[in-house]
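Every chain is named by a letter (A, B, C and D) in the order it is written, and numbering of its residues begins at 1.
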Amino acid sequence: MSARFDSLREEAWLANREIPRLGLAILTWGNASALDRDAGVFAIKPSGLEYDELKPENMVLVDLEGRVVEGALRPSSDTKTHLVLYRAFSGIRGICHSHSTHAVAWAQARRPIPCLGTTHADQTAESVPCTPMISAADIERDYELATGELIARSFEGRDPLRTPMVLVAGHGPFTWGRGALEAVRCAAALEELARMAILTLAIDPEAGPLPEHVVRKHWERKHGKGAYYGQK
Amino acid sequence: MSARFDSLREEAWLANREIPRLGLAILTWGNASALDRDAGVFAIKPSGLEYDELKPENMVLVDLEGRVVEGALRPSSDTKTHLVLYRAFSGIRGICHSHSTHAVAWAQARRPIPCLGTTHADQTAESVPCTPMISAADIERDYELATGELIARSFEGRDPLRTPMVLVAGHGPFTWGRGALEAVRCAAALEELARMAILTLAIDPEAGPLPEHVVRKHWERKHGKGAYYGQK
Amino acid sequence: MSARFDSLREEAWLANREIPRLGLAILTWGNASALDRDAGVFAIKPSGLEYDELKPENMVLVDLEGRVVEGALRPSSDTKTHLVLYRAFSGIRGICHSHSTHAVAWAQARRPIPCLGTTHADQTAESVPCTPMISAADIERDYELATGELIARSFEGRDPLRTPMVLVAGHGPFTWGRGALEAVRCAAALEELARMAILTLAIDPEAGPLPEHVVRKHWERKHGKGAYYGQK
Amino acid sequence: MSARFDSLREEAWLANREIPRLGLAILTWGNASALDRDAGVFAIKPSGLEYDELKPENMVLVDLEGRVVEGALRPSSDTKTHLVLYRAFSGIRGICHSHSTHAVAWAQARRPIPCLGTTHADQTAESVPCTPMISAADIERDYELATGELIARSFEGRDPLRTPMVLVAGHGPFTWGRGALEAVRCAAALEELARMAILTLAIDPEAGPLPEHVVRKHWERKHGKGAYYGQK
């Protein structure tokens, strides 16, 4: 095992461990990966393993053509979706796919999540987009690859780091970030705002979106040029 | 205590311990069993014991006629339902019955759970069936046996391992698999998809089923001939 | 501190510790008591203490006239309600009051919980009753005492051990049993069936009650003369 | 680091640690502060830190003009809101801001939480107020300061300790008390009554408020002159 990728495997392993800790998946569901962009290699969860069996050395190294570079196990069945996103979104270095309950519910309803409050605006200034339903032809061609392309198309002309999350219709959420842990934390934030949105609409089915000036302020104070949230 | 069945007891005990860990039952509710098909004997939870009191040696051994073969305690009150299913479904070696909250809600509403997303399709390509309500005559005759027969009749002409789960109307879920742990994990998956389905319908009461081509793809990639989910 | 009541204090302490463990209350909410019927004395949680501060010796001993017999602390503000129930229901030896979320929701909606499934029928063959709203005059007279009387009146001509639970309108649940731990477990069962009932009605607002023959069977197999649930 | 404020830092640290323990926030969301009114200094959570990284010495000391008095880290981005409340509400010594799920849902629906039961009345005899939506001009001027002023205006002519909680429209709850821990516990109580109110309205959308005589009694027995809840 090449020592060169030890910290990449460690990063992917730590991020995957956070998935069940943050309540984002049960059993073996969900996966996270971390990319070394210079090497063109990412480390991803092996398919179907229990989270508490995972070790850094189980992480599978895959290149951006989808070839396993290192690792004894088969990589996540969603590996090609990760790969397409790493190629399409040049600014990202981590991806998380979960089946978190409330985000999945929105994906199953095939609806974008409207921005109803500052919890949402702290993550993104837009609705959480929902892809179209994948076609039979796309599934026939290459399901996981086509899923990635479907996501990438939803972000054409947009900065994927301004809305680092998407719902795949009928399936569930993908999130990403500058690292794998950031991607998993984004999945946790998405699950929470998805849950809050369902509850808000239970109180008032006509609840309107957060006014644009509040949305912009919250996003800017955390992610804008003059951001003053956090320590950096 | 015959050493021959030590591993069967161990398997049943481990599976029962997973029931509360996976949040599928409170107090003493629920039970799991493991079958040794060659011996025609299964190990099942004793009736009414707390989960953290359970030990492998508490598991009760019962044959397929319902006779206690070994064990000082009375077996689960649902033992005859397990027995009928083991007889009717020749491919299974484990059964779980839980009172998990959202699956019970569907059973109480007496409705099959429609397949609204890939989380569901990963488990089964069909709706989760719901039995008819048990008749007064069937209860009079032999309640737990008749419950098993009601389930078995719902699967006539179908492969029970393609849909390893059922809702008993007004009661709750039974799940099964090639082993006891697989049956309990199936119960956890069922609870989660039952919960997602309720939330999806809360967002959109008209939410339609997942298109057949996606259903088939997800089921096939995990359970079909060319399955590529997991490590085998 | 008289050794005579050591085991009574221990029983009340153990039962109170189960309240937060079973998710029935946050902060200092809720209380349980255990009665020594021969001595006419019960041990109850002191008012307003955190659950993890509780020790057996904190439990306050009160007689059936409401006089503190032993204990340095002030007893639960609901002490008189416990006392009235111990007087009115001669077969009980333990009481629990909680503010568990879903049972409180039914109490706030001022509706009995209909028996929609076997999880409910395993606990009681009837709806969970809801008292009328307490009157201003009753509050003026003696609030906690009058609350007990309101409950007792709801059970006139009925066996309180066949339905060991009630909702106090606008307030929350009281449960009881042959001991304090049984009362707390009953509160956990009530919370769960209250939650299941809300979810069932979310799936189908017209969901009908469980047929009488199933209700009776489930109650009988657990509590009737020929009961075969559990180990006794 | 001046020893004078050691206990203030300790108080703020303990209160912040309770936020995730009581399930009031995920990730780095939420913050609590403790005031030394004589010194005119409060200790507050640093911005964007993980809860399990916090130590007493991380707490940032800020004066009532908003100047950092001691501490290497940047204080919470909500610091000015705390500051305005400390100035406006002379009886308080602790503040908590959370993004707890159900309280946020009410804030996003921009509705006060009606008093539907005694769990609510134990905390306040009134509806939980919801501020108007903040204006673009107020955001332009000074967002966090203006948020505090918006809250303060909602309490003009009212005793903020009788209703130690508010929903900021589109955002989430702020709570306060005689100390930081009291403020955090108040946030936990608010979250629970917010959840109960949603569930009550799910059972009966027409559910009426708790009658005034019960509201008053519950508030009085816990907070009134002749209060007999708790040990003081």
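The rule is simple: contacts are C-beta pairs under 8 Å (C-beta built on N, C-alpha and C of every residue); 3 or more make two chains touch, one makes a residue touch a chain.
The model shown is predicted, which means the values in this text are computed figures rather than measured ones.
Annotation of chain C and chain D: not jointly contacted by any chain, touch as defined at the top. Between chain A and chain C, the least number of touching-chain steps is 2.
Although chain A and chain D carry the same sequence, what matters here is overlap: shared residue numbers make up under half of all numbers found at their interface. Centre-to-centre, using mean CA coordinates, chain B is 32 Å away from chain C. Averaged Cα coordinates give chain B a centre that lies 45 Å from the centre of chain D.
Each of residues 202 in chain B touches at least two other chains. Put simply, chain B touches chain A in their complex at residues 22, 116-119, 185, 188-189, 192, 195-197, 199-200, 202-204, 207, 210-211, 213-214, 217, 221-222, 228-231.
For chain D in complex with chain A, the residues that touch the partner chain are 26-29, 46-49, 73-74, 77, 99, 101-102, 104-111, 133-136, 139, 143, 170-172, 198, 201-202.
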